[in-house]
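Letters are used for the chains, namely A, B, C and D, taken in the order the chains are written, and counting of residues starts over at 1 for each.
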């Protein structure tokens, strides 16, 4: 479970997040949606410790992540699949996976085998450089690399970006399945609010750095004004 | 905006006013009475730029011996009632690197010379050392009408009409080369001869002398090293030169090198099991400076009586001067400890000879010491110094010594230890005038007596 | 301050400013001792080179470690020319050296300006490393490792007649070269002040800050960078020429990597990309020995010990590091910082 | 005549490879630092020499050559780690000229410190292997046991480094930290430590090269200057990112220099680096072995 309280972040004079408060419960998907520049990516980067907040706290259970180094946050079980997926193109698929497992105590061979069961498409390409993968495969690799360390929290930054609708749908289903099977706390940042709301339990709507709404995905999806003003969804 | 501009203009105007003010002040400051710089009723101040640290620090003994002579003379009432104040400025052989502690920039010799001339107002420079170093300042000294006497270098550069105030001291490299060539032709007939010279006038003049002496040296065997090798620690040109000479089966190799490089070259050759007959210029053959067992049996030229000769009156006198000096232990550390304890060496004899020669020239002036006078005295004095060949200058010859005796470095009784001295192989020989045309003359000079006022 | 002047005022104002500042500097030489005159002369020559480097690094963002090499070109050009034309006025030496410095800059710029950052630094490093061996090898032209010697600058009689007394000759001979160097430096600074304000200057800044934007507004990247490099090399050539005229000699070991590093140090200490920074750099060069002897006195280090002798290298190296880490705009930046503090 | 020329060429090839091997080693160490921290370490040669002075000077006090070698390398590693922490870390994200200038300043400091601590007499560091060239049938072949030692050391280090980077988890993490520091941190990789480790490794390699260069030579603070320039050029020609490129270019420079030395002029030899650089970068401005150019805007 992740609890974000009164979180404010600024880049110099520009405030990116202001008094953000919400809770992402274990075993559920919480989606963070909002327009471009709403602060969604900043929120995830702050949770991972890549950005230092001006004030507020981010609790993982009882532990406050604020002030902890990124690598230590990762080692506490917070996996972050960054915007653009972050696969390292100069490494092979298997090397990418190994890298994901090294900071944790999981058995390397077993972990890799487990991810290949989860994402069978990757196995045949294990010796290929990541640069040769397609967009969908890259997303799979990024997910597999994040999951191999058996995290308790999974932060996903726009996994659907640049993927075909069918691939996106598959991806969303996988996320949903993983969330339940691994008992993960998932925070899913999405532009594509529609598909995100479909699989999410809870939803946070960000608007210019503030929480415009926080509720169950159903409530948010049903709120006509939210849909119109913040999400640009037209029925 | 416009107000700022006016204020700036006012600043500029006041600056101009200040300028004019300082200009007139500056002109007023520099008025004074005309007299001979460096000369007072009781003193004559002279100076020299010499290596006291850095790559050629081993030569520090040379000017120290000169200074010891002056100390001795001063202690005995000076020259015609004037004490000699001798300022030795460290110029690191004009190479500001490798242990140089002079603390002066890229042109150490020029900077130190400027200090001597403009700040210390020296009457003359006496015994400044190094070919390239002096080359860099003879123009400056000439421009400022400062006599530059007894330069410690055998380069032909000191013998030029446009420098009437400049006098060299050391055996001419060309004369030396010519005499060494005669020995090689007489004792190593038909041998392939190679030469490794310092890549400046020292090497070039030495080679010219060898060739003038009738030696034939294939152009591929005429090699040079850069004096900067010792600075950069990159001795690849020396390795390359030795490889070439070894490949050409050169059995005689002439070195025109300074002592640390003599030592290095011999060590490098030994490493590639190459052992030709070394013939080493007097510049780089002093056993205590080279300090290398490999120097044993090398042939060299000695312009002075053998340093181990304990009966030569000059050596006896010199030993007294060296040991009595108040700075003796600081100036001549080799004389007090180490393998060369208690021994005179070539550097001491050399430096002392310069000191003696200057005292003689100054003595001849009587009470009236002027720059024009000392320059004239240089050309008229019959110098009595320890050297084996005559020291005399004329209007057309400012070269200095022009010969010496062929000598062999005597191996140490323990061959793993450095040799201590050279043994003279015969009479001194010298050339006169133009080295290339004049024949080699065998010296008839007996030991010149020590002038009474020096005893 | 000088930079703000150059930016706000027209050429005529910069001309007046240059003349007045030059006159002021000339006036100072009258009151200095001959030894200080000689030091100041070296500083003036060096400030020209520093200015050229400052322009290259500060305005175009290209790092060069090769300016000592261009100095060598200028220095040798002057020596060779002066040896063959002993009576030719020094203006010719200065002119030829500047041009040849620029031309050699152009030759090196062709491959070099295509390179960026570390590549360029390395290329110029290699150049500066190769100059001394090349000079040693081209013996017939350069005099080998012994170098070349030329006549020292002689004070003309009208100038020498300004002085009297026993010291007159020495003073005139020391001050005349200093005054020549100051005038030459003033001209060089005047041109650079205008260059800073020119189209090229602005284009260069844009290229440094944002290549893409520069290309969009029609700046030819390659040509602009090359021009900056050539001008910097020409300034180095001029400075090198002046150095030869002042020292009466040129030797290969003077113009090695160490000098390139020294140039960079002086430029950074003074302040990158400014006229006053170059002046400060030149002054630091003039009085570096005095600075070190002050450090010697304060720390009690014996100047003739090996540590004392190397103190200069240590002091300037540490200063360079500290400046870059704490005050990357150098003394000029520190000055304007203090001014702002006072105003507040 | 033909056989004489052939033996001369063979000799040059051996000699060139020996020189080139050391150049390649320093080039490799530069690439390691460049890859990890995008800093071009201008003080690399001097740092190696400093460590060499610290360790190898003990040879003159009767210590074993090999023990001193280990001491030198360890000193170099410590120096590298401290340098990264103190001088380089505060400069991440600053303009690229800043670390260049700082390392140049550091170069000056180190050379001055070496010169001030150790008397700069001409002292030769003895070699544990003979430097006398082999003789065969009256002909000298310019190869000595020492040259074999030189080449063997370089080969061993290169293989060890290749294995480290290609086969070990630590190597994988170091590569990842260099390629994608932020992603690596998100995966729990302690990037800061690995960057320091990169410097430690690099100066260790650099020191080893400095020891090899100085063995059987005069120990001087500037021993590495020329070799550093060559190595820098090798790294640049190889593309700065590519260890293989650096090694190949390093060997090429060694060979070029040797042939120029033999067939042309000793003084021109320092130019061989420039020649290789101009040719190499004219052919491929982004480096011989670089696959793609990434340019930070």
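Note that a contact is a pair of C-beta atoms (placed from the backbone, for glycine too) under 8 Å apart; a residue touches a chain by one contact, two chains touch by 3 or more.
Note that the structure is predicted; figures quoted are calculated from it, not measured.
*Asks:* Consider the two chain pairs A-D and B-C; indicate the one with the greater count of contacting C-beta pairs.
*Replies:* Spelling it out, more C-beta pairs touch across B-C than across the other pair.
*Asks:* Computing the C-alpha centre of each chain, which chain sits at the greatest distance from chain C?
*Replies:* A
*Asks:* What's the distance between the Cα centroids of chain A and chain C, rounded to whole Å?
*Replies:* So the centre of chain A lies 56 Å away from the centre of chain C.
*Asks:* Quick check: how many Å separate the C-alpha centres of chain A and chain B?
*Replies:* Roughly 81 Å separates the two chain centres.
*Asks:* Go ahead and note the Å separation of the Cα centroids belonging to chain B and chain C.
*Replies:* Here the centre of chain C sits 35 Å away from the centre of chain B.
*Asks:* Could you grab the centroid distance between chain A and chain D? Build each centroid from C-alpha atoms only and quote it in angstrom.
*Replies:* The answer is 44 Å.
*Asks:* Please output the residue numbers of chain B that touch at least 2 other chains, ranges allowed.
*Replies:* 99, 226, 231, in rising order.
*Asks:* Can you tell me which residues of chain C touch two or more of the remaining chains?
*Replies:* 136, 306, 309, 312, in rising order.
*Asks:* Using the contact rule from the top, write out all pairs of chains that touch.
*Replies:* A-D, B-C, B-D, C-D
*Asks:* Taking the complex as given, what residues does chain D use to touch chain C?
*Replies:* Per the touch definition, chain D meets chain C at residues 34, 40, 42, 87, 90-91, 94-98, 100-102, 104-113, 115-117, 119-120, 225-226, 229, 232-233, 235-236, 240, 265, 267-271, 273-274, 277-278, 281-282, 285, 295, 297.
*Asks:* Write out the stretch or stretches of chain A touching chain D in their complex.
*Replies:* Answer in residue numbers: 48, 50, 69-72, 74-75, 79-80, 82, 86, 88, 90-91, 95, 98-100, 102-104, 145-146, 149.
*Asks:* Which residues, counting only chain C, touch chain B once they are in their complex?
*Replies:* 5, 9, 16-17, 20-21, 23-24, 26-31, 33-35, 38, 42, 132, 136, 139, 144-147, 149-152, 154, 162-171, 173-174, 247-249, 251-254, 259, 288-289, 292-293, 303-306, 308-309, 312
*Asks:* Which residues of chain D touch chain A in their complex?
*Replies:* Listed in rising order, the residues are 169, 172-173, 175-176, 179-180, 182-191.
*Asks:* Help me check something: in the complex, which residues belonging to chain B touch chain C?
*Replies:* Contact set of chain B toward chain C: 5, 8, 12, 15-16, 18-23, 25-27, 29-35, 37, 53, 90, 94-95, 97, 99-107, 110-111, 114-115, 117-119, 121, 131-132, 135-140, 143-145, 199-201, 224, 226-228, 231.
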